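Heads up, the next two complexes both have chain A, just with different partners, chain B and then chain C.
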Partner chain A sequence: MSVEPFPDRPRVDAHEKVRGAAIYAADVALPGLLHAMLVPATIAKGRVTAVPVEAALQVPGVVRVLTATDFPPPVQPAGAGGPPPPPPMITPEIAYRGQPFAIVLAETLEAAIEGAEAIRPDYAPDLAFTPLIDSPGHRREPVEPITAGDAADAMTRAVTRHSAEYVSPAQHHNPIEMLSTTAFWADGVLTVHEGTQSTSGTKGAVGRNLRLEPDQLVVKSPQIGGGFGQKGTPQRQSAIVAHAAMLTGRPVKLVLPRGQIFHNASFRPRSRHRIEIGADATGKMIAVRYDADHQQSRSGQFPPAEYLEAAPQMYGFTDYHGTAANVRIDTQSPGYMRAPHPHPSCFAFESAVDELALMLEQDPVAFRLRHEATIDPIHNRPHSSNHLHSCLREGARRFGWDRRTAAPGSMTLPDGTLVGWGVASGAYPVHIHPNIATLTVRADGTTRFAAAAHEMGQGIRSTIEQVLVRELDIDPTRLELAIGDTSAAAQHTTAGSWGTGSVVPAALEAASRMKAALAELLGDRQVGGNLHRQLARVKRPSLSVEVTRIPYGQGQKELATFQQGGMALAGPFFPAFTTFSFIAHFVEVHVEPRTRRVRVPRVVSVADCGRVVSPRTAASQVRGGVTWAISAALREVTEVDPRYGGWLNNDLADYVVAVNADIGEIDVSFIDEPDPVVNALGVKGLGEVAMVGCAAAVANGIHHATGRRLREMPFRIETLL
Partner chain B sequence: MRAFSYARPETPAAAIEAFVAAGSGARYIAGGTTLYDLMKLRVEQPTHLIDVTAIRGLDEIATDGDMLRFGALAPMSAVAADRTLQRDYPVLVEALSKAASQQLRNMATVGGNLLQRTRCLYFRNGAGSASTANVYPCNKREPGAGCAAQDGIDRGQAVLGQSAACNAVSPGDWPVALVAMDAQLELLGPEGARTIPVAELYRPPGDTPHLEFTLQPAEIVTGIAVPATRAGRHSTYHKIRDRESYAFALASAAVALELDGDIVRRAHVALGGVATQPWRAAAAEQALLGQRVTPDIANAAGRAALQGARAGHHNGFKIELGARTVADAILIAAARNPA
Partner chain C sequence: MTDPDAGGPASLIELDRREVLVAGAGAAVALTLETGTAQAQASAGAEAAPPGTAMTIRPRINGRAMSVEIDTRTSLLDLLRERLQLTGAKKGCDHGQCGACTVHLDGQRVASCLTLAAKMDGRAVTTIEGLAEGDGLHPMQQAFIDHDALQCGYCTPGQIMAAVACVREGHATDRASIREYMSGNICRCGAYVGIVAAIEAVAQGRQA
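Presenting the complex of A and B:
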């Protein structure tokens, strides 16, 4: 198999995007379109008892108002082991402020907005709502622990111990592309255009809610203007809009305003991490106890146990005890946001490791290098590849770590600015999903590749093109990549960094089958030119091949699940090995002497993501991850006023994300060693791990600069005054 | 539809006439960067918009006489780009160039800037964000409704000048610099022209936080005048915020020093981000008079500037931050243009 390093190539959609020509889901123009606006509840919990719609219907242009009675009853949860129910549509029970209780349909967007604002329902509010994880009424629900060896016993042998609690705040994704759904019903088929990382998930959720058969539904998500997990799970509005389109017989489009996105979309829940690490007399970590919990809705599914996964894979702890819990309160359901579990957990754990290294008077890089994980201690299997130590060594070299003086506050600039150098590592699980791809090369010069994948800007189209163009002599300018479309190929949720590793092996195999098919077609004829010319010469309009890739450890059962619209993820714990991606971040922070402003002029990040398929988009993923980590560490938090529930700073002016002026130089490099077994190209995954650990490197840098240990993000200016 | 009329008169007299004719629902509009935003948030619901941008002669910038003059309609970006100001009055240039974004500064006028409204989260979460419509009471939006910010997430709220009815911060940067520099405001109204100190444009919140400005009905801002002073050469506008660009101040300080050798003969100090109106810090100015600028003196002046500050629940840090921001600004200003 071909696993040579790949050359740098421009991003395939760069020109389209820079010119504003790229088409997103909400751009689709349909004749006879109705515009929709949701009407959100302004109570934190309770019931809507009456929805007078007359005032809305009197607004010129308003066509119809749909309320709970217009919708089919919610899908009941399947029994244990079954899939979670799809998000409910419109119900009179209000679980959180901002939950929609009606949708207004109108000839213009302005009329829809005005109609929505005209609706004043009657409420029966439940004033005993639980807004925060420590408010009365929260319910703590522990899940299964994760254990290796006997941490309690090993802890008794520890000579040095560190224990502390670390906190990661509630945060919201704010991709520039808003959540939207456009749907129309024609000839017995419902077509949905939506910015989603999971056309299959949208299809499933809409189908189940509206009781449609799979062949009655097509979902298309051609291009996503930022997903980051917000668009990875079924969105609440999809089935509501689809149902409105079916009832009215007209296309319906809804674009959620940002304030409603804050209140309805998934978000990163507040999480708390209590970590205890014990080291023996030689200064080696021998025992770890880790207890994590997070904010959860009353019925949410986002699991807490994954916080416990990364640390043992980085250090190979043989005595480890991890416990985790949901803390159920009255909020919308939290969910996946870039590096969902490893970002908060590696912030916590890598801060704790730094604290312990300091207690032991060891250099934090050298201390990490003394702990090498060669096996997955939880499952007692080898890692298929683990270059974390190479990342640390290479990062230290590029950063100039050997010039660091250890004592906090010992490095300063002439104006008194305190300089801090921090390091931290990260790990992210590698998953692979089945894929069924078709490749067609045509004599007319065009090529079409259809498979399961979604382009959220991460560059998946560039990786597919990279492989096809290297393997086949085809015209890259006329290559169509049909992805994010349930009518083109079976789709999965493209998330968790499994997109590339699940599609490029299929592209590679399709290319080699294409070569074989062509060789068979040509027989012993000698025909020149590229593939298109060759087909034309032998008067063959087109040649197609189909490939089915099933990840290691899976079989027909998982393939069938995928074909029926379900998810069938393999990894990171494969039958004979475990696979994680790794990264090391080195961060320089400057803390101003008087006002204590924190700046981050320089970051060096070295990633082990297996083979790098598209160097340009890969580097850009790491820069994006590092930028977000700095933003998460220093800036971002969504605030709840507990007297009212909901989210207070629910717009881009007041939810503070980093701007260009906050970000300095980011030096990105890769180990670029293919994983020997996880898939044919040795691709592990990158988009998520890029961010992991970097927030801890910022915290560790701040400690090195100031001697102050910050354990709760974000570190806003008041924390250092 | 919330219908409103729109007029674009070409003279100040015609604008005033249109305003008087339209009555209480009338608003002037210049760059629109505040007013349209507040209309979308349903905080402002004017019935008549009188666009003043077609009036000629109100965008002139004159920086050569005893008085620096800025026409009310001059864009923020144009004033910030003035060469003389850049050299001789960094305090004015920085107050403009550290505000908003380049795109906004191209639209926004230096007159409209003085009349922007608070960024208090509870004030802005009016009916325009449907999920929060009518949830948070605000005396500024709805007189007598109560103030959700007092016992709420008050991290951004004022520590100086607040009343029981309101602790919202006066958000602008430019007004802080103007107040520090003794600027005058030129107004024209149905009764004729008048001039007031910029500092007198702002009303303390008291029991009537919805009344923010001392403008009379239909009065139009025509210009801003700043007395020329060599203190401008030793000046700065220092702005500390939650990110390094595109954010309002958590604490800011406008400082200009008239130096005789290294002795302060006259000091201008005003604070932003911490008070309910642009806050002249006379005690800080006093602390600097006759002194040689040292870090200790700067720190003492910074502490004096925050005299009388009162913390709420989450904004106590602003007292310390404000003092340090003033101290930093004094040191930066003193180091500018060494003789």
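Presenting the complex of A and C:
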């Protein structure tokens, strides 16, 4: 097996993207298309009692209005162990402000919008709703603790202790591609075009809602305009639009206005992290207690326990007690947003580590380097690889950390700007799912590879291409990578940084099977040229191979789950080892002395993600993760209006994300050491760990600049004034 | 144009908006390309046209003169995307807040979601599809590839149109100025470092 470092090559789909020729879901042109618009509820909880549709139907161009009575009843939960029910379609019961109660179908987008605005329903509101995590009516629901050793006992031996609470706010993903679904029904098959990281999940949710068999449904998502987890779980509008297409017999397209997306997509819930760290007389961390809770909907499933996972993998302490809880209120269900648990938890934990290092009067890099984790204390197994210390050392070198003076406020620019240098680490679990790939090389010069994967800009097509082009002498310009399409191959959700590690081993094995199949075909004939020429010479139109990859620790059961469109993840706690990706971030913060405006002109990040398959797109992923962290640390929060429920700042003018002027230089490098066991290429995962810990590095930098410790994101001018 | 939801004297704006809506109720769709292909005509004309306030505009889009009958409420972005199948310009907000819909209007960058198609009569519109001469790439497009100034690609057509304008306006003098004058185009993937590098290369004539 070839696991040499990979060369720097351009992003495989960059050419079509710079020409505006890449086709996203809402770009698909279909004759006879109807445009749709949802009508959102303006109450936080209750019932819609009547939906007068006459005014909407009088709008020229409006074809039909569908309300709850036009939809099949919601799918009931499958019971313990079964999959969660799909998002309901349109129901009269309203669980959150902004929930759709009708869909308007029209010949033009303008008519659909006017029709939707013409609908004024009657409500029976339930005014006793719970809008905030600490409003009356919230219900706290603890989950199983995660422990190692005896943290309570070890804490009694600690001579230095730090404890504090850290808060990460509610946030929304806001990929620039808005949620959309286009569906049509033809010849007994429903085809759905949708920007989704989970064509399998969309297929399952639409199929279950509309009671369709798997062979009656195809979902396509070849290019996604950013996902960040928003598009990783079934979307509410998918089955609504699909049902409308089946009822009308015409293609239907819905693009949700961004204001509606804030209410109907998932979001990063507000979370609180109470952390206590104890150090012994030698200044080593020996015990950690971690208690986390987060905002949760009445029936949501996004788990709180994962906040507890990263911290015990980073510094080698063996006495740990983690507890977590859901706090159920009246909101739409929160979900996975980039680095869902490790970003808030490493913000909290890595801030706490910084605070402890300061109490011990130790340099924060040196302090971290005194603590090395080689085992997973929760499961008492070795890490398959852990290069966090190399990341810290290399980052410190590239950043010039040795020029830092320790005292807060001690580094300034001539104009009085306060300079702070902060460091923090991050860890992210490694998962892998099964894959079934087919590879076809043809005499006409084309090649097609089909497998489970989705391209949302992370560069997964570029990683597959790297492997195929290195292993096989094929024409890269005529290589089709058929992913994100349930009609091309069985699909699995692509999220959690498991995409590359779950598909490139299949590409590698397919390539080696292809070489073997070709050798068998040619026998002892000596044929020159690339694979296409060789096939042409022996008058063979094409050659196909299929491979099935099952991750370490899985078997036929997980393979069957995968084939049926379910979630089939192995890791990060494998039978004989535990696998995490790691990163170290070094951040320079400038605080303007009068306005207290915070800028981040310079970041150095060094990642241990196993083997880097596509250096160019990998570096871009890390810059993107750092941009997300700066944005989260300094800008992003979605505010709830407690009077009415729902999100107040539900557009891009009021939900402020990092723009170009907010981002300075970002220096990215990799350890690029393949993990020895986790998969054939030694790939771990990158897209999420890229962000993890960086917000703490900003907070630690602000403390170094100003002496002020900020424990609740985002850090705004008013926080520092 | 004024965004009706953006503030200002509320009653006045409500009135303005309703007038526009009433005037534009219903949509007649018909399109002829004066020097164009039949393809756009067929796809746009296929929809049954409800009666309503329509008007005919004669813009020049990517160098081609055309005559289009539009619903008076239609934005330039929806005209491009839904009628002319020029889907390179993207809708990321429809409120002038993200820049994904950036095109050139008489050589200036505009948010096409905030530009009424009705105002396009006699105007020249350039979209990403018409930026390059022939089949090649504009130097800014090549620079975006070379500096990997994109990830998902969704903001990219808008970024490139804004970038070309940024250089043309004389604002690409240094990195700080590029960052400032490119801040109307959000890249949620966070490809800003590459975007700045690509624009710098073009502005300095390093990009062929």
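A few notes on this one:
The working rule: the second predicted complex is superposed on the first by the 721 of 721 C-alpha atoms of A that agree within 3 Å, B and C clash if a C-alpha of one lies under 4 Å from a C-alpha of the other, contacts with A are read in each partner's own complex, and residues count from 1 in each chain.
Note that a contact is a pair of C-beta atoms (placed from the backbone, for glycine too) under 8 Å apart; a residue touches a chain by one contact, two chains touch by 3 or more.
This is a predicted model, so every value here is computed, not measured.
Within the superposed three-chain model, A:M567 lies out of touch with both chain B and chain C [touch as defined at top].
Legend: residue contacts after superposition of the two complexes on their common chain; A:A339 is shown touching neither chain B nor chain C. Once the two complexes are laid over each other on the shared chain, residue contacts for A:T42 go to chain B alone; chain C is not touched. Contacts of A:A511 after superposition: neither chain B nor chain C is touched.
Of the two partner chains placed by the overlay, neither chain B nor chain C lies in contact with A:V423.
Comparing chain C and chain B on the residues of chain A they touch gives the larger count to C. Legend: residue contacts after superposition of the two complexes on their common chain; A:T627 is shown touching chain C, with no touch to chain B.
Once the two complexes are laid over each other on the shared chain, residue contacts for A:D651 go to chain B and to chain C alike.
Contacts of A:L109 after superposition: chain C is touched, whereas chain B is not reached.
Once the two complexes are overlaid on the shared chain, A:R635 sits against chain B while remaining clear of chain C.
On chain A, the surface touched by chain B in one complex and the surface touched by chain C in the other have residues 60, 110, 114, 257, 651, 653, 657-662 in common. Contact residues on chain C toward chain A in their complex (touch as defined above): 21, 24-27, 29, 43, 46-52, 71, 73-74, 78, 81-82, 85, 87-95, 97-98, 100, 127-129, 132, 137, 141-142, 144-146, 148, 150-157, 160, 178-180, 182-196. Chain A meets chain B in the complex at residues 38-40, 42, 60, 97-98, 110, 114, 116-117, 257, 259-260, 262-263, 594-597, 599, 635, 639, 641, 643-644, 646-651, 653-654, 656-662, 716-718, 721. Only residues 1-2, 119, 121-122, 124-125, 127, 129-136, 148, 151-153, 155, 240, 242-247, 250-251, 317, 320-321, 324-325, 327-328 of chain B touch chain A when the two sit together in their complex. Listed in rising order, the residues of chain A touching chain C in the complex are 10-11, 13-24, 26-27, 29, 31-33, 35, 59-61, 107-111, 114, 174-178, 223-228, 255, 257-258, 456-459, 616-617, 619-621, 623-628, 631, 651-653, 657-663, 665-666.
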